[in-house]
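Just so it is clear, A, B, C and D label the chains in written order, and each chain counts residues from 1 on its own.
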Amino acid sequence: QQDTKQRKAEHVQIVLNEDVTGKGITTGFERYRFEHQALPEIDFDSISLQTNFLDKTLATPLLVSSMTGGTHETGNINRVLATAAQERGWALALGSMRVAIENPETHATFQMRPFAPDIPILINLGAIQLNRGIGLDQCRQIVEIADADALILHLNPMQEVFQPNGDTNFAGLLQKIEALSKKLDVPVGVKEVGWGIHGSLAKQLYDCGVHFIDVAGAGGTSWSQVESFRSTPILKRAADAFLDWGIPTADCIYDVRKKVLNGFLIASGGLQSGVDVAKSIALGANLAGFGRFLLRDAVDEPSKLVERMAQVELELKLAMFGVGAVTIDSLGHKFINRIG
Amino acid sequence: QQDTKQRKAEHVQIVLNEDVTGKGITTGFERYRFEHQALPEIDFDSISLQTNFLDKTLATPLLVSSMTGGTHETGNINRVLATAAQERGWALALGSMRVAIENPETHATFQMRPFAPDIPILINLGAIQLNRGIGLDQCRQIVEIADADALILHLNPMQEVFQPNGDTNFAGLLQKIEALSKKLDVPVGVKEVGWGIHGSLAKQLYDCGVHFIDVAGAGGTSWSQVESFRSTPILKRAADAFLDWGIPTADCIYDVRKKVLNGFLIASGGLQSGVDVAKSIALGANLAGFGRFLLRDAVDEPSKLVERMAQVELELKLAMFGVGAVTIDSLGHKFINRIG
Amino acid sequence: QQDTKQRKAEHVQIVLNEDVTGKGITTGFERYRFEHQALPEIDFDSISLQTNFLDKTLATPLLVSSMTGGTHETGNINRVLATAAQERGWALALGSMRVAIENPETHATFQMRPFAPDIPILINLGAIQLNRGIGLDQCRQIVEIADADALILHLNPMQEVFQPNGDTNFAGLLQKIEALSKKLDVPVGVKEVGWGIHGSLAKQLYDCGVHFIDVAGAGGTSWSQVESFRSTPILKRAADAFLDWGIPTADCIYDVRKKVLNGFLIASGGLQSGVDVAKSIALGANLAGFGRFLLRDAVDEPSKLVERMAQVELELKLAMFGVGAVTIDSLGHKFINRIG
Amino acid sequence: QQDTKQRKAEHVQIVLNEDVTGKGITTGFERYRFEHQALPEIDFDSISLQTNFLDKTLATPLLVSSMTGGTHETGNINRVLATAAQERGWALALGSMRVAIENPETHATFQMRPFAPDIPILINLGAIQLNRGIGLDQCRQIVEIADADALILHLNPMQEVFQPNGDTNFAGLLQKIEALSKKLDVPVGVKEVGWGIHGSLAKQLYDCGVHFIDVAGAGGTSWSQVESFRSTPILKRAADAFLDWGIPTADCIYDVRKKVLNGFLIASGGLQSGVDVAKSIALGANLAGFGRFLLRDAVDEPSKLVERMAQVELELKLAMFGVGAVTIDSLGHKFINRIG
């Protein structure tokens, strides 16, 4: 358990201080361009970012992606993120709560409801834990600890295999995800961590009762690279061959939406601006998440974090204005063209 | 009003001294190549650039794009531009005359008829002003002040939203443009300012009675970038995400001409040479405009401006010679191929 | 004969010390990307690389490509390669045995069976030798010397013509290859040396009774470049024009498999990682070979060689895990997409 | 006349000392790749480059392109080129003989027959001269002076317009070319000088009785650039806009051969190696010409010129060997693929 805590703290350090961006792969957003509308025929002030998620009304279609928790420092990061998310009306996802299951002293680092009374809070667990003795009871327990609106399970096979003692038996998980989705009192979502989810898998997952999917695609952080900094020499060298692994975020969204018309869909993985958010939504996402992009401010300059989030919102509004869309719902395919 | 004056003066300075060229986007002219005609079967000396615009005969199919006016210095710039345009037979567009409506002392900076007796003079106003109390009367007034042949309204939604107190209610404008076009005594045109007009909008505008359209496309100056130098920190940072916004100039022309066979069409936005002019015309434009390209000479070396304009004309003639076209009218699609 | 020995020794030196990688051409593997499977539904530990080749079971679908032999030093290299191949369960190919036919004192440098009792050993000869007096008898002789499981003939027309006294009469070889394939007691394969074998030729060869083909494609070492270091000034300069000659390895595999559904196929030529191996197999290869990639360790740090081979295997397993393939046989086309 | 002499001498200096290669355009040969044939089934020594041109048998399908003559120095260059062409069996084209028509003292600089008794000698004249008083008589005269096998007229509209007093009336030339072709005692060919000839024009020319065409395409020397070094400031600046003008050499050949199945066709313009020659021929050319590539040796190291020509021949043979073609006639489309 000490390991898990330490790992989460190290992740933050590695992600902030090393070059962990994938090479030879991009998010794919640069291959799409909005068709500028010179006469938008709307009032900028009438643009609304309001959306619904997990039976709550959100001021924005934005999400703080699952990142951290479990130690003193990462608990502080969570509080900074939670406070800002509440202020700006973003949904909030917390990092994996595996550590919390057997370490009551870590619970406080995940208890963000006091700081974020109005927004959806998502707790996070590796789906692989369902193969390691974690079941409905423990999930209920962590939902309760965090007073969460939903649980989002991450699929991270390539991250696990790049860890020296990673959990690498991914057999039979779909069934367990299905069972959990049907029995847990809050909705269950599924995400990747940076290599993406393609359309066929998304369809399988929705069909199993999963309530929402976050593609968490490639083009941002390479998690094999991140883990390689903490791994054996042989895995470290192997990571080089996987720097371009994964499905670009934009391609995931496009592919999932092509195969599943209605599933609730979150875009994340390497997003850098409100324009990326706008593209995600135009391509079919309902929400868009940011992880690493928010981390430096959250760690170094908590006071700037709200401003950075406001900047993303503003960019999103500016993009909507530039195509003449007043609501998130109306920001559709027709506004965007593939250019590459 | 002081603001407006100052803004126009600052625009000139920013455009001349800062890197305000869009990134990640080009005019698109480099994706077209003329098919060289080794045996043009024409006499270079018989090539004529003559064209008609606004019931006047013009020596060239060229336009000095709307840029400035309103202050002592910008008035001087206008006089330099007007004198050169008259000498070379280019049409002349002036910068926005909003400032002139309530500031009689600025009128002289827009009165270019004495310097340009024979060429079409276009005055300019933001279409957005039609939502801000400006109407037929004021338009008539400024037409009269400048003794103008036409009024060209600019659509600049993305520029307005990047200004701290920009006018950002673009609702209901089409109707007002239609009304004005039908009632004003001189023809009314519509232009963008650097993000382009696509074919469907052009069709709507022509159908409303607009007499000509200047696509003013992307690939040259990024106006979000220009405004960011005068804006709030948050807008300044947001401008980065819009450096590649807009529709490349060449794509605009192609698209407008595909959807509207006959409307009078002006190409502008990032043009750099007479070859770009030739490509514009081959793609379907009737006239081609230059803004920033002329500005440095107009400000720093007025004496060189005429030479630079002559260079553009010469390059246009050279390109026409290279494909064997003697008149602007005959410079059509068949001479050009898409290569990228 | 002295020449032949010396040449093989010089090849090793040139390949290790000069820039002999082709320019303007790549293996083509970068134009393919696996479709990441976020929920592989397999246990990493159940992944097996086991395969069959030449009636033997191999722990891996990997091959040490034909490289060297004939001198004291290169004999040592062979022993290092053989020992490692035996340890890791790779097949082992030796360099050309022409020199051994008339030089009994070189035999020991090709006798690797004591070091590699369990794996397939392939001996190698230039197919061109069949036009130079070498026939069934000599082939039988060298099979025996090396206690080989198969003979693989290399086609190297472009290498021969870049040698001052190369053997450049390639007429009538197909027939001789056919005769040899039908009569030799061990299976006969055919390979290139770095410019590739296309689908139509592969079909011809299989139809003639050749048992397996190694495409040995372009994108890695340029053998015209290697030979140019030992050649006349005029050939040296000519080599520049051939730096991009050949068929990219990935294209060879794709093309051969399109034209021949069942022939046993080896991918080699510029492979750099287990991901390249996985792509080769997904594109239709049965085995994948490495030459230059293994050479430096074999020469400079024999103790590291096994680790490097283990790294390739690990990367291959990681890639299989990332798409959810448990066996080499199941690693097929459906997992891979062309992206460029 | 002094001008013409001087110009030809200056051309040599500019071409050797300035950067006059077009930018933003290439020959296009890099977009084609031969399909390597690992088993060519031919003897390298049986490869023959022999071809026929102008009723003579030539040892190679190669041509020294029209370059120079008229002054003491350029006469020497011609002699060096002629001697080498005779030795290697290349056809020889001389530079424009306009200067010779009224300057008997220059005749010796074009009289290469003594140095090149066996090969076709082509004399050269600007087609534009037919609009400047030059006619059948003068053409007969220069054929006789040079004891030429053919006259090749160059089309150079873009070169003329970039000269201060260029001849720029290209009207009515086709008819005059037709008349001359029909009446002159030796065959008449037509070439460009570096911007290429497209298929439709080639068809027109062949239909008029022109005996052969040299595309002289783009991707090598930009002649607007060359002339700009000798021109007015305005033309010098204009040259920048024409650095990418023209039709890539490879595209010309492809296009001409698509439209005209049988016309005798010469590829030139930017060729750099025997591989480029092989590609030209595979794309449909009968002969391939080199200009600037030979010039430096011809001027600086005459003794190296023969070796450089031998290198081109060798590279051509090597390419033929690499695809298994024994004769120039058999080197066809099927051996080459478009890759870009």
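Some points to look at:
Definition applied: contacts are C-beta pairs under 8 Å (C-beta built on N, C-alpha and C of every residue); 3 or more make two chains touch, one makes a residue touch a chain.
This is a predicted model, so every value here is computed, not measured.
The two copies, subunit C and subunit D, are related by a rotation of 90°, based on C-alpha atoms and rounded to the nearest 5.
Of all residue numbers seen at the subunit B-subunit D contact, under half occur in both copies; the interface is built from largely non-matching residues.
Among the other chains, the CA centroid farthest from that of subunit A is the one of D. With centres defined as mean CA coordinates, subunit B is found 44 Å away from subunit A. Centre-to-centre, using mean CA coordinates, subunit A is 63 Å away from subunit D.
In subunit B, there is no position where the chain touches two or more neighbouring chains simultaneously.
Inter-chain contacts, as defined above, occur between A-B, A-C, B-D, C-D.
Of all the residues in subunit D, the ones that touch subunit B in their complex are 24-25, 127, 155, 157-158, 160-162, 168-174, 192, 195-198, 201, 204-205, 218, 234-235, 237-238, 240-242, 244-247.
By the touch criterion stated above, subunit D contacts subunit C in their complex at residues 30, 33-46, 272-276, 307, 310-311, 314-315, 318, 321-322.
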